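Please find one structure pasted underneath; my questions will follow.
By letter and in written order, the chains are A, B, C and D; residue numbering begins at 1 in each of them.
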Amino acid sequence: MNKKEEEKVDQQSELNLSRRTVLSTGAALAGAGIIGSQLIDPAAKTAYAAGSDEPIRIGFQAHRTGIGALYGRWYERTTNAAAKYINSIGGIAGRPIEIITEDDGTDPKRGADVVEKLATKHKVDFVYGTLFSHVVMGSAPRAGELKIPYFVVSEGYHVASGALNRYVFQPCITDVRSQITAVANWIFSNLGKNVALIYPDYAFGYDHRDYASAAAAKSGAKITAKIAIPPTASSFTRYFIQIPKNTDVIYHVMVGPGVLTFVREMGEHFGSVDVFEHYGSKHLKLFGFIDSLEGVNINSPGLEFLDGSHFWEAMPRYADGYPTAAEKFYRDTVGIDDSGASKSDSKDVAAYSHMFGCWETLFAIKEAVEQSGYKSKKDYQTLIETFEGFSGFNEGIAHPQGSKVFSGKTHQCYGQQFVSQVKNGKFNVVHRTSIADGMYEPETDYTKKSL
Amino acid sequence: MRRKSLKYALFMQGGVLLLLFLLQFFLPAYHHSSFSKIMILASYAIGYNFLLGYTGLMSLGHAMFFASGMYSAGLSIFYFGFTPLEGMIFGTLFTLTVSLIFGLFALRTKAVSFLIVTLMFGQTFYLAILYYNEFTYGQDGFSLTDYLGTLSILGKEYLYSDPAIRYNFALILLASYLLITTLIVLSPVGRILIAIRENEPRTQLLGYNVFSYKLFALTFSGTLAGISGAMHALLYSYIGTTFAEIHHSISPLLWTLLGGAGTIIGPLLGTGIMFYLIDFISGITSNYLLVVGVVLVLTIIWFPLGIMGTIRQKWLKWLP
Amino acid sequence: MASVELLSTHGLSRQYGGLTAVDNVDFNFCQDRIQAIIGPNGAGKTTLVNLICGRVPPSSGSIIYKGKDISKLSSAKRVQSGIVYTFQVTSIFSNLSCYENVALSAQRSLKTQQGKWLMVSETVIEEQVFESLSRVGLQGKEYQTAGTLPYGHQKLLEVAMSLAADPELLILDEPTQGLAQSEIYNLIGLVRTISKSVNVLLIEHNMEVVFNLAEYVTVMDNGSIMTEGTPSEIENNHDVQVLYLGT
Amino acid sequence: MVFLALLDGTVTAFVLALIALGLSLVFGVMRIVNVAHGEFFMLGAVLSWFAYHWTGDALWGFILALLVAPVIVGVIAVLSERYILRKVHYNPESTIVATIGILYVIQQLTLMLFGPEARPVEAPIYFRVVFPWFGYSGYKLLVAAMSGLCLCGVWILMKRSKLGLYMRATQQDHEIATTFGVPTKKIYASVFALGGGLAALAGVLVVPIRQADHLMGLEPLLLSFIVVIIGGLGSLRGTIIAAFLIGISDGIISVFYEPTLAKMLATLFVVMILIIKPGGLFGESPQ
């Protein structure tokens, strides 16, 4: 990227991340049904007064093994940190939280069994925490049959699309469709209008394919290639050849154990973004979704070429990207250092753009339980209806990633997104979207479905 | 001997089925649903065993048949508005066709080559589901919950996902698989299949068209797997590529070998043991596959014939 | 005895690589008699019968059986039309019981006889099995696992399987090989009884057996037919003496 | 485009040949299918990460891994041969099941000791070869060259050494070899160790161009299966030719079709070869 462009980008995305702005974003949302507006003071320990000692049992469906294991580990750490913190401030409605974790092997078959096991054997109150979208798809019908609320942290568009049932909620992580909608225009106006998509041959990838294409059609940009990478691929060079010459931007997103290889081979093939001359006189730009690099140190060998390229982040990995008090509190409590790695091992990089969803979802459950007066499984209906009545969550310790708008119709939340540029071996936030940037017309209405 | 076998076998299976029928009134919810699952998967394994245990053909692509039944039933209900029964019938016929065509090609190869060809075909089928994701919903799959409607029995309406429906449908499936495979195995046709397993060239020289018998066994086995898949789709209303992956082909092999290849009841036993073993161990460690591995190695060293196979060799000679 | 041709080969050859195992053989088998093929090791006897029963395809030439060219038929089809082969080295189903071994053979022939498409009743099969086993003297061993029988009995089981196949032409490939003297005498008796209803083609090394049983003998050497004749003609043939005695 | 496809295909082919070589040897000499072969490959890669981590230096870590990983894996292979495969008498079907068991054990132990994530290992030397149209990893070319060297090494071992002679004799006829005084038990153990060691070696070479993770064994296993079967049972020449056939055709198909479709076509291509020639390209017919 040349200097002029850089200035332009900086101007456009001028960031003023003072505490006041953040709070005012929340304030803008104020109105009927906004909950969780008070910042919870960790010092004010409520005794488990009102409630019984009987804990609220939350079944955690974790990807401990299989392709989701890297995310699973961070989801587990975040969940445990959140549960510990919630218990330290008096639990949920005065009752302590108990997390019961079962591994689903990142497999939908086993996922459904795990939901069943958690519900019927461990007799949990809620099931929670699934990430991979195919596991959600496989597990959700079972949750619906068992009539147990199922809170996912998956960022898939499956919930909002209406494909699932009324028991499934995605309350605290924005879905892929909204993420793409929010950043697409920024890509087209700042990086270029001819975009080649590279995505995994999964539903997650199809969302990228479909909604990036839709956004392009709207704003007059052109998709020059759609390259779906099969899940079994371990070598990627050959697929890069298919990118046509009139391309300005490579839009890439990848998941699974092959991510680093993918990015590295991209670097080998195209060289550093600035030098690359192959595609006519223009410079080829890269825009990636952070999924391609979750858990990966940006300073790994072979990634030097990423310098100057842009990434979408849901929550900035580096502490200076979004320096709010709540963010800092969250980061410290989970045990993450300023560069997004584990405090105990700087080589252990977190899945920072996803795991906040676990933290926030537990707080959302807390809100719902407390507001609905949920006591036991027979109160599910009230709980679900209360939840559907929520219209958002305010930023704060409970929601450190930012305020959320929640749609009772789609059971889905919408939050702000970040665009960061890689510079000097770290991510630097250059643009923050508003929640409105990512909104779309709801395609379903779960409140009309039966319970 | 054969008639005695048949009589004893039917008695024993009848007993097992009766026990399973009665158990549904006593099992706690979790085990109730586990048993349903085991019975469905066991029926898949019984179909697999028909090919491996009685014809001697080891396939590593059976997930293809399971998935083809599951997807053809599921997609026809999802897109064409078929009723669940029509979906089942369509799924059965579709899988029958798939396995017949597959057999015509794959049975040109033998032994390890056959193994690889089944594996490759299975892999191709899996990739095809991914490739046509606009139609099949790719890896995510889709849910039939809103498309199945209810089932009316004696004037009452039931959901397919109702635990009692699930249990009894699985039981009926299992019972019919046990009965039909027992009858075939103990019929003259079964005798020929076993002969092929034992000594294929000699069977040819006894005047049998070995190819067509193998084709029959493969088609039958594939169709059984397909019906299990279709039934799974109805009862669990989720359809996804996880059922087409290679792991889902290895599973019936393991269940069958553990329970005893070439015994009718073995696959049921193997499936049940493996299910509960994994269930139990996954509560202790997430590395439950480690234990699966150890069990496999020990079984093959100490009980190469599987549990029922060893029992037959030692005590119950009549066991089919 | 009127000699009606049951089976004949015309210019039948088979090469393995560069080696010619059977070389342009015109062989005739006439109905209603025990005929034998003899010859030293590697003379091409076994290859010839393998060609006849379809285990190996011919390189050239044809095989006519009951007036029809069968050289393109599969081995299974040939068995169905009555050409039954009894193995030199026993090839039984050693993990199955004697009953099952014979039943396998019986149910096929019964099915062909009755022209049924799928099933033959087990009662009929059972009858046939018991009869075949008792004909070779294995009655009472029905439920013994075949592989546990002594070798001589395994050979008899082979014969029983062949009998149950309802042969028209029974090819016995070295039936006495590996048998004790007393077993050989029994076998000679058995074959003689069988031959009353079945055409027998005998491949044999043991001259005593050949001259005891055969009514017509074909001598093979180096893949071709050297000479043919009655046992006494063969016994006195100088070339055959040279071939066997080396003088 | 075709040039890159050929180049990438050739590199793939060399790596594939090296991985498949061990499987082919075991297949040919012992007549068994080792399903755990991919795990030996994975172990090589994982051990290489440990070596890299321990020495903290890409070059020395690489050299250490190159020397140590094949030995460790070879020892594991010998132990599983001695205590498992020998116990099931190398029965083909039992062996498949037993090695599936070994696969799970190795994979899960790795998961426990190494963790679930994919970990990068730095290449001992890193440079980009810049062609007029695109760049290509220099290390990849080096891997191809080293694979080629290993293939030659094994070739010489088979043709020139006493061990090779014994192996070929055992492959021809196990019983006759025994009567001629070939220590077949020892040969079996050595072949299995050699097979495992070669897979581990391939793992060490490959890991800098991908990453080490506990699930990485499956794909090379499937691919080397295909290569060995297509090449023909136990034919080393066939294995190498098949590796090139598959590597290059896969590379070219990938350029012209959508990736998933390309995988499908490549897989079907393999199936068709087998159906037309059930014995593989250079194997004896199974009849």
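Operating definition for what follows: contacts are C-beta pairs under 8 Å (C-beta built on N, C-alpha and C of every residue); 3 or more make two chains touch, one makes a residue touch a chain.
In this text the structure is predicted, and so the values were computed from the model without any measurement.
Engineer: Looking at CA centres, what chain is most distant from chain B?
Structural biologist: C
Engineer: Can you compute the centre-to-centre distance for chain B and chain D, using the mean CA position of each chain? Integer Å is fine.
Structural biologist: Result: the chain centres lie 33 Å from each other.
Engineer: If you average the Cα atoms of chain A and of chain C to get two centres, how far apart are those centres in Å?
Structural biologist: Spacing between the chain centres: roughly 78 Å.
Engineer: Roughly how many whole angstrom separate the Cα centroids of chain C and chain D?
Structural biologist: 49
Engineer: Need the CA-centroid distance for the pair chain A / chain D, whole Å please.
Structural biologist: The separation of the two C-alpha centroids amounts to 39 Å.
Engineer: Scan chain A for residues touching two or more other chains and write them down.
Structural biologist: 64-65, 201, 230
Engineer: Which positions in chain B are in touch with at least two other chains?
Structural biologist: 127, 130-131, 287, 289
Engineer: So which stretches of chain C touch two or more other chains?
Structural biologist: In chain C, nothing touches at least two other chains.
Engineer: Which pairs of chains touch each other?
Structural biologist: A-B, A-D, B-C, B-D
Engineer: Within the complex, which stretch of chain D touches chain B?
Structural biologist: My answer: residues 33, 84, 87-88, 91-94, 96-98, 100-105, 107-109, 111-112, 218, 222, 225-226, 229, 233, 258, 260-261, 263-264, 267-268, 270-271, 274-275, 278-280, 286.
Engineer: Under the touch definition given earlier, write down the residues of chain B that touch chain C in their complex.
Structural biologist: It is residues 1-3, 187-189, 191-192, 194-195, 198-199, 201-210 of chain B that touch chain C.
Engineer: Using the touch definition from the top, list the residues of chain A that touch chain D in their complex.
Structural biologist: Touching chain D from chain A are residues 64-67, 69-70, 72-73, 201, 227-230, 232-235, 237-242, 257-261, 265, 268-271, 278, 295, 300-302.
Engineer: Inside the complex, what are the residues of chain B that reach chain D?
Structural biologist: Answer in residue numbers: 58, 105-106, 108-113, 115-117, 119-121, 123-124, 127-128, 130-131, 246, 250, 253-254, 257, 287, 289-290, 292-297, 299-301, 304.
Engineer: Spell out the part of chain D that touches chain A in their complex, as residue ranges.
Structural biologist: 1, 4-5, 8-9, 12, 58, 111, 116-118, 120, 122-123, 126, 128, 130, 133-137, 209-211, 213, 215-216, 219, 251, 254-255, 258-260, 263
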